[in-house]
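Structures incoming, each one as structure tokens.
The following pair of complexes shares a single chain, chain A, combined with chain B in the former and chain C in the latter.
For the complex of A and B:
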């Protein structure tokens, strides 16, 4: 369908209201306003046009199924979460087939730094609990550090891209990332006993 | 505690919404800045075209700006055809000590009177030689009214100018007179004054 570029996009509240009314134009409006963003997030993780488009369509379907009953306060964040989750699921399949994009190999190496296999399966911490700890850790950090973390680990941006966004040098971002990783690992280890 | 990679990826995916929103805002600000800096190529082309147009119009306009010399001569009845051929640099031809024809580039208004004076000066000709008359004609078709009175001209495609110069016959008293007249002819036709024919009448 041809997009009417002259018309300003609908507000988030209007789009959510359309979902609640089960009006299918909600998907068009979402695509119009957030289509490039959703595609961008997926493409950044998957580095594949076809996969990213499928991921984008899956995001619309997931959103259609999730609203209602959910009523997201930040539609942009809500959509990005769904897209990211779907993209990582797709990437998991690619990993099994050893078809991971190069920059994501670095990403997984970075993430593996935090992962530990100490303890038994019963002691495995839940994602929600871990997220709570990471959020608490990030709250204690500066705004720049928070953005570096989100850019690198949430969106999977490279250090160079994060550096450009924050008007920093790449080496400085690397330094900050190393410091953040060490501090977070220490933080999680300290909290480890109380996580049971 | 045991953190698997999948758990960690899920946990990062569940980061606080405000953190993610903050990153979005920062990225959007960057994109806006970038697009503000980026100038559309068609704007650059339009700007260059506009500059060229201004330069061309200005140079065309300046060629018609009357100089002090021109004003003086224009008031003395120099016709519009002559004004059209005004240029800044012309070659003035002269006979050198060895009796050979030489030339020198001179910056001038390019009017016939001035060319003549320059030619005189470069050839060491005295005031006994004067430009008595000069008439420029062209091959335009004259338009007449019912009474046979000329009311205008119609331009032809390949316009050809003809110049008739009437010079004092005292020029013939000078050594190399024929060469001097040849120099005069060449000086008159130098640089943009593309006369189809120059006729020198001695009187």
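For the complex of A and C:
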């Protein structure tokens, strides 16, 4: 997509307004302002240029289809959610083909602390319920602990990358992550979200 | 609970938590594309640097000084000393006379014997070729040097060119304006 670098990027409200008006320049403006972010999120999870570009394009299509009726308050977060979801779905396919980037193998091993691969149809309903518990758990934690959790489990960043983002040492992040994991596991067990 | 359920659930956490990390980590989340571009630029720069080096090194190697540790006993007077670097002339395989910048380590006083040692090395002359020299001055006090060379120098290909290189070396490093060679029996 051609980018007009001379003018500043449109604000989030302006971009959302373009989507509501079904003006296709909304996608250009989204790409201009958030293209690197979307690609970066996808690339970090998928570690493949082609897959990441497809994920990016799928994000734009999903966004076009979602707005309207949605009117996101934080477009950046809205886009990151779509991209993250698409990237992890694509990664699930790669997992079946045993083509997972190494750092995501570490990620899945970390997630295995809370869950296993066994499950049932009822699991789809409990994702929202589980999210409610995780939100409540995070609300009781410090800002730094929340950011460490989001960096590690939402974006799949390594402890070193989280440390770099938050200007902490890697060892400090590891220590806080270990505590967070243990506390969250206990929190979920107490509320009946059993681990298989 | 499966891993996929956990991952989906994390995807549904509060906007404000995600926004806070995005603001802190913008440079990380956008680094992928720029990293790829930066990597491509680095590789291109590396390839270009290798190409330039491949062209310049054969040219530049002549200008890299060779260090000689002569540790040679000074014999006689100290002749004109230009400093640590000396141009030593030698003949190439094609018969051309060229020169190499040579560094003589401090503490070693360069004199004609030292310079001849280096000249021999660059011209592939063995130690069995002996040199002797006699300095004199003309009526106008122009310093001259007469160099006697053992006749086995004639066993070397292009020995005239090599002696011409020695003349250039002596005149370039010492006060002599004229250098004459005399071939003598072994």
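What we mean here is this: the second predicted complex is superposed on the first by the 181 of 196 C-alpha atoms of A that agree within 3 Å, B and C clash if a C-alpha of one lies under 4 Å from a C-alpha of the other, contacts with A are read in each partner's own complex, and residues count from 1 in each chain.
One rule holds for everything that comes next: a contact is a pair of C-beta atoms (placed from the backbone, for glycine too) under 8 Å apart; a residue touches a chain by one contact, two chains touch by 3 or more.
Not measured: the values here are computed from a predicted model.
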In the superposed model, which partner reaches more residues of chain A, chain B or chain C?
C
Could you tell me if A:130 is touching chain B, chain C, both of them or neither one (first, second, both, neither)?
both
Mind working out whether A:57 is in touch with chain B, chain C, both or neither, as first, second, both or neither?
neither
Between chain B (first) and chain C (second), which, if any, makes contact with A:49: first, second, both or neither?
second
Looking at the overlay, what does A:143 touch: chain B (first), chain C (second), both, or neither?
both
Is A:170 touching anything from chain B or chain C once the two structures are fitted on A? First, second, both or neither.
neither
Report, in rising order, the residues of chain A that make contact with chain B in one complex and with chain C in the other.
73-74, 76-77, 80-81, 84-85, 88, 92, 108, 111-112, 114-119, 123-124, 126-128, 130-131, 134-135, 138, 143, 146-147, 150-151, 153-155, 164-166, 188, 195
Show me the residue ranges of chain A that touch chain B in the complex, using the header's touch definition.
73-74, 76-78, 80-81, 84-85, 88, 92, 108, 111-112, 114-121, 123-128, 130-131, 134-135, 138, 143, 146-147, 150-151, 153-155, 164-166, 188, 191-192, 195
Can you name the residues of chain A that touch chain C in the complex?
36-37, 39-44, 49, 52, 73-74, 76-77, 80-81, 84-85, 88, 92, 108, 111-112, 114-119, 123-124, 126-128, 130-131, 134-135, 138-139, 143, 146-147, 149-151, 153-155, 157, 161-162, 164-166, 188, 193-196
Listed in rising order, the residues of chain C that touch chain A in the complex are 1-15, 17-22, 24-34, 36
Considering only the defined contacts, which chain B positions touch chain A in the complex?
1-17, 19-24, 26-27, 30
